[in-house]
Structure formats: structure tokens, C-alpha cells
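So the structure is just underneath, and the comments pick up after that.
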Amino acid sequence: MVIVNFKTYSEATGSRAVELARKAEKVNSETGVSVGVAPQFADIATVTEAVDIPVLAQHVDPIRPGGFTGHVLAKSVKEAGAVGTLINHSERQLKLSDIDEIIKLAREENLLSCVCANNPSVSTAVATLRPDIIAVEPPELIGTGISVSKAKPEVITETVRLVREVNPKVTILCGAGISRGEDVAAALKLGTQGVLVASGIVKAKDQYAIMREFADASKG
Amino acid sequence: MVIVNFKTYSEATGSRAVELARKAEKVNSETGVSVGVAPQFADIATVTEAVDIPVLAQHVDPIRPGGFTGHVLAKSVKEAGAVGTLINHSERQLKLSDIDEIIKLAREENLLSCVCANNPSVSTAVATLRPDIIAVEPPELIGTGISVSKAKPEVITETVRLVREVNPKVTILCGAGISRGEDVAAALKLGTQGVLVASGIVKAKDQYAIMREFADASKG
Amino acid sequence: MVIVNFKTYSEATGSRAVELARKAEKVNSETGVSVGVAPQFADIATVTEAVDIPVLAQHVDPIRPGGFTGHVLAKSVKEAGAVGTLINHSERQLKLSDIDEIIKLAREENLLSCVCANNPSVSTAVATLRPDIIAVEPPELIGTGISVSKAKPEVITETVRLVREVNPKVTILCGAGISRGEDVAAALKLGTQGVLVASGIVKAKDQYAIMREFADASKG
Amino acid sequence: MVIVNFKTYSEATGSRAVELARKAEKVNSETGVSVGVAPQFADIATVTEAVDIPVLAQHVDPIRPGGFTGHVLAKSVKEAGAVGTLINHSERQLKLSDIDEIIKLAREENLLSCVCANNPSVSTAVATLRPDIIAVEPPELIGTGISVSKAKPEVITETVRLVREVNPKVTILCGAGISRGEDVAAALKLGTQGVLVASGIVKAKDQYAIMREFADASKG
């Protein structure tokens, strides 16, 4: 599984978000590897209109319908076509009780929950809250091009080991610095089920080619 | 001028956001009074696709393109069709330096900035930052149906007086509890140029009728 | 174990914080039950000067020495005489990664970590982070005088059950609405090792008498 | 006027906070120049016990007595001996409405309010809220040793010009990178009434000597 986080990169905003999602869809259909995308809130509707791959929000707030101007309602991203949401990304970290609440809200709305964590102990705490997916990303490697699966394999193996003690079923992804197919292959070999990636794809010269490389590497 | 804040009300989420925006457009074209709408981020694209009235975001973050997962880029709401944004709504308050930064970003992106303030002194501080619009809303009246223009007229007159000392041009709106045409008329008489309203319209049994009443009252 | 959170009540600020701590010390020495106090930051030094019971900070920040104006350094409360700190109180909730970091910092500084949690699932997540103490407090009962141990015993039993699955050693406290000795006795019977209490003692007419009642009830 | 912000530097924590405050007091009495200090919350009581110079808190919260665990009550720092407080330091920035509220609370408690601002427009907004002191500090220079009064004199002159348009009486300080007497002299020449300084003094090899140099430069 590959999830591409569009962040707020200009290369993945507005019409360029749709173009990138179309490339992801192409890779998806060519390889059979699940490639999901996480565009900005304002781009979810146009992206889901354009493609048939899983679209995730980058965040939702721990709220139900009501007076919460400027916040992100789970139901609103669901109605716009999202099938899931990132939660607690290192660039949008949340209070622990809010993570717990959002996982429950996502379940109610039938949205996949993909909770990010910065290290093995935080991943383990998250695992007890029963999200669908955990993505461990050492923040110091995010955006560096230095792959977590190469530079800090022990972060991944320790996360897998500790998470499995409390939650045998959750899908485990890793991220940070993933920029080549071999980084993806290494991640899978260390016990994860896929990667969460952003700049490695969004800022690549040939976004399609690198996504294809990731997907091919995912098949082993 | 009437700006309708959709907040995260279920009556104004997804397809219902589009329906409400269509009613606002009808009032707009029937009366010639400018009626703008502020839907949730994920609804901006579908709303701007459906109607030809001003659409505002409910918030944008003080960021430029980059690694800001889960945040709201001014450019993204602009590309989705918004012509402006609320800033510092009482339900999404911001650091002072961020308000300053967002006003500057909005100007760069050619987005109207409508900064909310909770009292006359805060309105005056905001006025020195040269936004396009200031909306004063005493938070204790928001959502109550008790109109600021009736219950606390001195908040409005004091705001108008102090703001005009430092900024003769900014558009001044008021809000909180506005629920009938006479509340709008009172607001204009006190020196404002219009109203920012949410539950008074969104939660009304007949959203069109009450918007029409507001628009008619705006014409004096 | 009884921990008395002084919050920012005027009845427990400045000289009144010292007076209340003295009453706690008296109960401590009369009953042998450990009674700790958590005064405001600015009162820690004078309280620790005055009494010989455990003094906790109400919060510390996830920082090391450096440029963090207005934040609370673990070392500063330690030097002022505190032996531990509350973490993630429902009135001062923290990001998950910060809770993880603060528990580690507390350990380095040899400070007891008492992490608050709002429900059984959050308590379990916290338990995997290996703090010294977990205090479960349903926020809706805080300050009500309706005791969690009477009104929501299932919150306590479920917390004890789930926490023990991942952490057999951590001390478990409960709080919210504890106002009589029988509430304390009930809490112990449900499997906790004590209570975290605030208004029930701080706002009592006779602070000493109620603390004594709590301590006596703690002895069974 | 010189205000020394102790931040959370280890060189100014606990007993070292007291030592540094004593040096400030010595400079104060030798030169007649007002030298105030802003230690950490937990050090306020011991510092005010030890010296007779103005002691400020580094921050207070926009709260009145009540249930605000882990927050900083104006009354608590006042009772501990502080005569004022920094507000909105760039390392502890606040919502605009909170700045407004804290200035009012400080006035009620008879505490001096020293509000920090990052640029001329924010300084001007702050000036309309009538604090006692404004300290403008470009955050990009904080802690660099590159003096704002040398590297960005236009920030200071623009701040003085704009602030004076809306507030003729407020005391204006500047800060960031101030590390020599000539930086202080330059700041005064540009129209300020003094400096807010941190690392330039706290991390100096000879804290007394550099404070004395600052004070001498303040006398012109």
C-alpha cells in the first residue's frame, strides 16, 4: 500500500492535485498496488470526481456538526468523497484525547483512520486505540530524502514489535525520506505493509515514474 | 452586505451547502443585495461551481506552499473558487502575528480578508492591520438569537467610533444573534455596512425567506 | 494515596496555598496516608519550603533548557522542590508525542509522572508510555461533586482492566467529583490506589476535616 | 530601561536565577538605570525574596481564579512578588483576544504589562490595546547576537513612528540580538526607551559586566 500525502505543496494544489491523482490512478490500475492520495481539503471534491482510487483527507477535527467555524467535519470530507483521513500527522499533531475521539468519529462515518506517530512508543500508544492504519514517521527525516527504512531500520522493527504486542491486526506503514523503490522494498522487508510518502513523489521530476517504481517495489 | 457563515452545521454540509448557496444566489439576484457564503473547505469547490455569488473560506492558515499537512493554504481555497476568507472567527481564533500574516497573504492572493473580533478594542487593533472587512461579534451572543444590534448596540457604536479613528475605509460588519430583518436594519443604523450571520439563516425553517428578509432590510 | 490539585483556585493561591499544604501535612502525619499537593508554579517554592509532603507541579512543558519564554522547564520545578508533576490534566491537555516526551524528561529529572486521562481507552494508551501514575478523570464530572466512583464505576473498572493488560505496575488513581470519604473508599474498592481531587477539598468549608475524612477512608 | 528575560536557560534557573538577579540589582543601584528581570514562574518567589528590583513574569494566562490546572494566574505571580509580566513573547504567542484580556487583567491586578510584537504592524495593533510597554523583536534575530538596532534600524523607526500615531504614551523597547552597549545606545537613538534582552546577558561569560555596559550605555 502506498499513500501519497499532497501536503500543501504547490505541485499538488488545485488542478495539479487532480493531475497527480490521475497519475496515481494509472499506477494503481497498471500494477494492482493500492495507491491512495491525501489532497488538501479544498481539493478533495475535484480529486474524487476525477479518479477512482482511495482519497483521504489530511486531517479532521474532533467535532460533530455544530458551531465550529474553520474546522474540518468528518462528515464534510466523507460527503466530498474521501474514504479515510490522516490523523495526527507530525505537521498537525493532536491532543491524545482528540486522537481517541477522531478514531471513534471516523469509525462512525465509515472512514479509514490512518494515525501518524513519531516513534515506537507513540506508535504503541496509538495502536491501543484501534485505528485502521498506523504510520510511523521520524520527524527529523521527513522531507530529507534520507529514508527511514535505510537510515533508521530499528525505528521500524521496534515499532512493528511493540505494536504487535498490543494490536495484531492494525496495518503498519512507515514514512519519512522514502524516495526510491528500494526504500519501499526495505520497508516491507522490515515488517510494514506499505509506505506513507510526500515529497519523494510530489516533488519528483517524473511523478508517475517514481510512483510506478514504488508500486513495483511493493510487489516484491 | 450579508455574509452567511455555514459553520459545520449539518444543514449546510455537502449537498445541503450547495442548496443553501443557491437560495443565497436567488436572494442576491432578486434584491441586488450582496449575499456571500462561507461554506466548509471541502464544499468550496462544489459551491463555487454551482453559484455566482461571493464564496469565502472560513479560515486559512498563515502558511505558504510547503510541508503543512492538514493546514489550509490560501492558494488552495483561491483555486477552488473562493474570493475571500474569514479570519480569526471566535470559534477559530488566531495569534495576533498570524492574523497580520494572513491579511498580507490574502492581499497577495487577491482574496478579501474578513477579520472577526470579539469587542471594540480588539476590532480597533485589527483595523490597524488594514483588512478589507472587520466583523465584530460578542461571543456570548453567538448562536443565541439575541441580536447584538438590539441587546448590545453600544458594542457596535463603540466599535464603529474606535475603528474609524484608525481606519476610515474598512467595511464594518456585526454579528451574533442576528435573526430578523429588524436586527439587520438596526445594525445598519448603528453605522455598520452589513451583517455576518450563521444559525439565524442556516438553522431557519425557511432559509430563503429569512435571507430575503435580511436583504430587504439591508436596502433600508 | 491522595493528591490534591490546587488548580488556580483563589482558595489555594499564594499564602493560602501554604496554609492548605500545611493542613495536608497534618493529615499526612496523623494518618500515615500519603497526601501530595499540586500548587501553582509560582507557589511551589514557598510550599516546599513550608512542608515536608510530596509537592507536584501541575504541568511541565516538553522542553529542555533554552529559549522557551513563558514555558515550564522540568528542571525549574525540580529545583523549586517539586518531586513530580501532573501531565495532561483535562484542563491542560497535550499532544500525544509531548506526553511521551514529558514522561521521558520527568524520568531523567527523577520527577514522578502522573498522567491524567479522560476515559479507559486513553488511559490504556497512556499506560503503554510507562508513567509512574495514571489518573482517570471523566471531564464531565470534574468540579460537579458527583463522584466518578459512585456515578460511573464502570469507567474505573474498565480503566483498571485495560490498563493492567498493558502495564501491571503503574499506580492508578481516579478523580472527578470526589467529595466524601465514601467516594474514596469506593474508588479503592474498584481497584484504584487512590484519588486525585481538587474542588472537593480546596473549596470545602473545612479543608482539614475533609482531607482527614479522605485519608481515613483510604485506610479502609 | 533594561529588562532581562531569563527564558528557560539553565544559566538562569533556580539558584542561578537568584544569582543573576543579584547582579542586576547591583547594576541597578550602581548606575540608577532601571534593570528588571523576568525569571521562570517557579523562580519568581525566591528571586523577589532576594532582590529589590522589578521582577516580571514571562507570561500569564487570560484567566481568573477557577479550574485552570497548569495555567498561570495573574494573581499568583503578583502574590509571589512580581510587579509585571511579559505578554505574547515570540516564544509564547497568544491569540489577539487573549492579549486584550491579559492587558485588562494585568491592569486590575496592578501589574505592568509588557507586550512583545514581531514587527511594526503588530506593534501598532498592540499599541491600541494600551499596554504599559511594547517590546518589538524581529524573531529572526532573537538569539543571534545580530542586533536589531544595527541590522534592522528601520524596524525600530517604523515601529516608533506607527505606534506614536495611535499611542503617544506607551513605553517602547526593542530586542533581538542586543549584545553590546553600543546596541543599546543605538536603540535609544532610534526612539526607544530601552531594551528587552535575554541571551546577550544570560549567556555572557561575565553577566555583571555586560549588564553594567548596557546600563552605562542607557545613560547616554
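Read from first to last, the chains carry the letters A, B, C and D; within each, the first residue is number 1.
Here is the rule we go by: contacts are C-beta pairs under 8 Å (C-beta built on N, C-alpha and C of every residue); 3 or more make two chains touch, one makes a residue touch a chain.
All figures in this text were calculated on a predicted structure; none of them were measured in a lab.
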item	value
Each chain counted as touching chain B and chain D at once	none
Each chain counted as touching chain A and chain C at once	none
Most distant chain from chain C, judged by the mean position of its C-alpha atoms	B
Mean-CA-position distance for chain D and chain A (Å)	43
For chain C paired with chain D, centre-to-centre distance based on mean C-alpha positions, whole Å	33
Two or more partner chains touched - positions in chain A	90
Graph class of chain-chain contacts, one of line, ring, star, complete, other	ring
Interchain contacts, given as pairs of chains that touch	A-B, A-C, B-D, C-D
Chain A-touching residues of chain B, taken from the complex the two chains share	5, 7-10, 13-15, 38, 40-46, 57-59, 63, 65-73, 75-77, 79-80, 82, 86, 89-92, 142-143, 198-199
Parts of chain D lying in touch with chain B, wherever the complex brings them together	88, 90, 93-100, 117-119, 121-122, 124-126, 128-129, 166
